[in-house]
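The structure is given below, and queries will be raised subsequently.
By letter and in written order, the chains are A, B, C and D; residue numbering begins at 1 in each of them.
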Amino acid sequence: MVELDEILASIHDRIVDEADWGIPAQYIPELATIPADQFAISVCLADGSTHSAGSANTPFSIQSISKVFALIATLGRIGEQLWTRVGREPTGTAFDSIGILESDAGRPRNPFINAGAIVTTDALLSGREPREALAETLGLIRAMAESDDIYINDRVARSEERTGARNKALAHYLSSHGNLEHEPEKLLGTYFHQCAIEMTTEQLAKAGRALARLPDAPRTLSKEHAKRVNALMMSCGHYDASGEFAYRVGLPGKSGVGGGILIVAPHKASIGIWSPGLDGYGNSKAGTRAAVMLSRATEWSVF
Amino acid sequence: MVELDEILASIHDRIVDEADWGIPAQYIPELATIPADQFAISVCLADGSTHSAGSANTPFSIQSISKVFALIATLGRIGEQLWTRVGREPTGTAFDSIGILESDAGRPRNPFINAGAIVTTDALLSGREPREALAETLGLIRAMAESDDIYINDRVARSEERTGARNKALAHYLSSHGNLEHEPEKLLGTYFHQCAIEMTTEQLAKAGRALARLPDAPRTLSKEHAKRVNALMMSCGHYDASGEFAYRVGLPGKSGVGGGILIVAPHKASIGIWSPGLDGYGNSKAGTRAAVMLSRATEWSVF
Amino acid sequence: MVELDEILASIHDRIVDEADWGIPAQYIPELATIPADQFAISVCLADGSTHSAGSANTPFSIQSISKVFALIATLGRIGEQLWTRVGREPTGTAFDSIGILESDAGRPRNPFINAGAIVTTDALLSGREPREALAETLGLIRAMAESDDIYINDRVARSEERTGARNKALAHYLSSHGNLEHEPEKLLGTYFHQCAIEMTTEQLAKAGRALARLPDAPRTLSKEHAKRVNALMMSCGHYDASGEFAYRVGLPGKSGVGGGILIVAPHKASIGIWSPGLDGYGNSKAGTRAAVMLSRATEWSVF
Amino acid sequence: MVELDEILASIHDRIVDEADWGIPAQYIPELATIPADQFAISVCLADGSTHSAGSANTPFSIQSISKVFALIATLGRIGEQLWTRVGREPTGTAFDSIGILESDAGRPRNPFINAGAIVTTDALLSGREPREALAETLGLIRAMAESDDIYINDRVARSEERTGARNKALAHYLSSHGNLEHEPEKLLGTYFHQCAIEMTTEQLAKAGRALARLPDAPRTLSKEHAKRVNALMMSCGHYDASGEFAYRVGLPGKSGVGGGILIVAPHKASIGIWSPGLDGYGNSKAGTRAAVMLSRATEWSVF
């Protein structure tokens, strides 16, 4: 598809020209030093083709995008039962807010804020060793992306374990409300390793095909689960800037503090974007701008 | 379309059989006494046909659904300038919460909570008499529905003026932050009259065609505005149950405490539903259930 | 008492020398233009003597100090019944916070924040015309101060009526929870007139003698009520800087945004201080400093 | 003093007759099973005499009352420097609220809520081993009480270490804001051991003499520190029922979830009360009632 290649090249050039990169996540030492002026975009289409611009083969830390895959794995394992422990509403507060968790008596609002993902991981871990649960999530991602070249960056994981005081507070707080089955320390080990999975935008776009229900996507989740995960990404995928993303891009998406964004255009395309500099909400600054440009150029908005 | 008629008839029968109606809004005296066991659903399709089941010609108080039309009128008048005064994010709190307005220093999170709609109405009123602004909103609705048989119920409006202490508190609070141009009392007169507009589900479905961009819809708003209003309905259309509606229905929708719901399936259908009994979030109880059934039967979800 | 005169003179000189005045209340137009570099302090002792320094005969707007007298009048009228509608706890939030009122479902935490004083005034007004209730409060103050030369500044009252949007929001919000008997507008008229009472520091110190239970105080309230009002002033008299005042001064006190502070040293002294410039909490900046100096010099702390 | 003995006997009899005991703290397993129908009261007077009623020689877990002694030890060690890390204001929220700590960006409001006491303990620990800091606090208490028969209940400490998820959440949250010098786990070990100190009401009353500045009190803290600790107990000693205690008792006091209350009547008396059943705020139910009775009978209120 010639036209799409041109669109992606043009987006790449504008992003590089504008050079408005934001600042990489400072609270994770291993991510803080990554050069901000990087950009990649990859798109998988319904015809089976993949199109990219920028450094689409550079692996980056998917961080919170892993919450999508952990959710898919957990829904696959225990189904709707998960919702007895986590809600499905946007929060209106920051991704690591502990005040809202107190207001909600230890039941996280949704699986895409940190507290909700910790509970999801707890449910996924149930009755197994951390490495088994991790192997399942990683295996799922590899199957969805049809690539075995996807790994956990152990240094990033350990960097988060050392510095993740906010997540430890969330886990102990959940525990105090009886909403965790496992010891916070053990559970967070799994959680931090999930966050430290690295993918390229091309792998990310390929992994999203099942959510977009593209014809060539491997059969990794049911249509019903795909629709529901997409709905959650639309409502809650960008923390307290989720409404803004819906308004400006009009597609379900999930961001991570590593600078990645996974975007789904149902039946049409699956998109991976990466640029490590963040805006004030913890979403990729240049990446979000690229998403807006792509949505305008393609008219893929679901609205 | 024979099949859709059957779907609607079946939904109607299940809703009536289940008889799980909820309770009409108690805080507006004129609405409190309406019998709860009423139901209507109407659907306009892209082929120009309209299909209904139940009492589709009974007018009901559209209440907060009027926020959609006030927003369309205001965007038409002042465009994106509105967003300097109102946000586009879901709140995670009740539709009439004043605490969140304090946290946000008097800038409402979105135009579909009460505080946001009061600011929208203030912007729409700018430099005009209340009856002129009201005539514009009512005229817009009539044009969108292609029906002149749509009126304001003055008794309901006056009932709200007498009892709307929460809205008065919101208006004065907005005023204390300099986010209102007009006197709260004058402004609320306009606001309460907008809320007291009465429509049938058939009229409501017809009025939604422009948002769904159906071929026969009158040209009343731009494609761009339609998409953006749809995005806001998806994120914020059901107060603090918006995520739940997105998850279970998968379509942009806006509810009102009169028991109505306007739902948009872009390019496919526009839907009006009504049942006056409410759930704990202030959304129509049977109406929401009907929306879930319709979405499942038609697979119109955008996800 | 020679020593006390020297202490007061020394405090006056230090305050004037330091010239760290703060800024008069900006949100009440009539108060905003008052020169900040004014200071007065008056002390009544158990021996019946009164001692002053600075402009102790300049009348100033007592503002929130009137909440003390309104509370005394209301306790005299309906007794402990008041506590079914207002609490007795410090808030930890600003004097005009509406979010905490929402959390508390319309029951103000204490009678010394605005919402609590509005409910107190509502209880005092019960079954009477505004001017009767106002006459009672003013009469009580005159009797406590043994001076008829105390008046309401009508221009200040009207200035607040025009600009008091935050208080109007509080009143309507209280009303929405059924915690007001009267129409907010009528009630606020009384409330703003109470706030606009003007006194000198000498009159204020004299009015405080009954709270300090000095021998020569007119019999205007019971010992039990005096102790309880003192306790409330200690816990809640300086908004969200009440703990600080208790820590540094160690005496019950009540401040007003007119720059006045009433302080009670039980059995020992009653103190009126005034300096119109405020700190960030809305308490008199120089006045609070003077209170700390006086407490240190006299060792009147109750602790 | 015959009269005081009669007062105490009468209070004891009324408390036992009323048999309105409340429920012992359920979240600490070792405390949950203590029989609720126990009561003791001890009073030290300025004349050096000690008077008791009930089981005044039964040791109980002082829990949060230890916060007073930790504060005294810390003020003695680093002085006013502590206030750069902790505030002096009441919170208006529960003793273990984490939402308010988020609002305050990790700076606890006062040293008598859990978060504040954890920071105080962190400051006390500075540069030392846990057992050294513990030895200091325990040594201070023994010196103040003039009794070596005061010990840490290790089973209670370990019970809290196993179950104290809420405190772990607070500690990690403080850590995430850089307001802890030590590892949360190590620090909480010290904190839980402090809370697990056991005293009798007689020992507690004796330990309070220095705060009341009774003539026979050992010289363990300066007059200035005594006054300030008393002020903090008055403002913040009973969590979100502090205003109520000030109103009804009129004396500085500090409660613990073990059912103890330390009360200070400056220059007059020091009081220890114990009854293990709690009210909804986590304060001793019968103990608080006894404090009200004692204050009324003795007229020791500072107001």
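By definition in this document, contacts are C-beta pairs under 8 Å (C-beta built on N, C-alpha and C of every residue); 3 or more make two chains touch, one makes a residue touch a chain.
Predicted model only: the values in this text are computed from it and were never measured.
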Labels of chains that are neighbours to subunit A and to subunit D: none
For subunit B placed onto subunit D, the superposition rotation in degrees, Cα atoms, nearest 5: 180
Fraction-based call for subunit C against subunit B, same above half, different below: same
Rounded Å distance between subunit A and subunit C, as computed from the means of their C-alpha atoms: 55
Rounded Å distance, subunit B centre to subunit C centre (Cα mean): 47
Subunit C and subunit D: spacing of chain centres that average the CA atoms, whole Å: 32
Touching two or more other chains - residues of subunit B: 100
Chains touching one another, given as label pairs in label order: A-B, A-D, B-C, C-D
Touching residues (chain side subunit A, partner subunit B) in the complex: 87-93, 100, 109-110, 226-228, 230-232, 234-236, 240-244, 246-247, 250, 252, 266, 301-303
Sites on subunit A touched by subunit D in the complex: 97-103, 165-166, 168-173, 175-176, 184
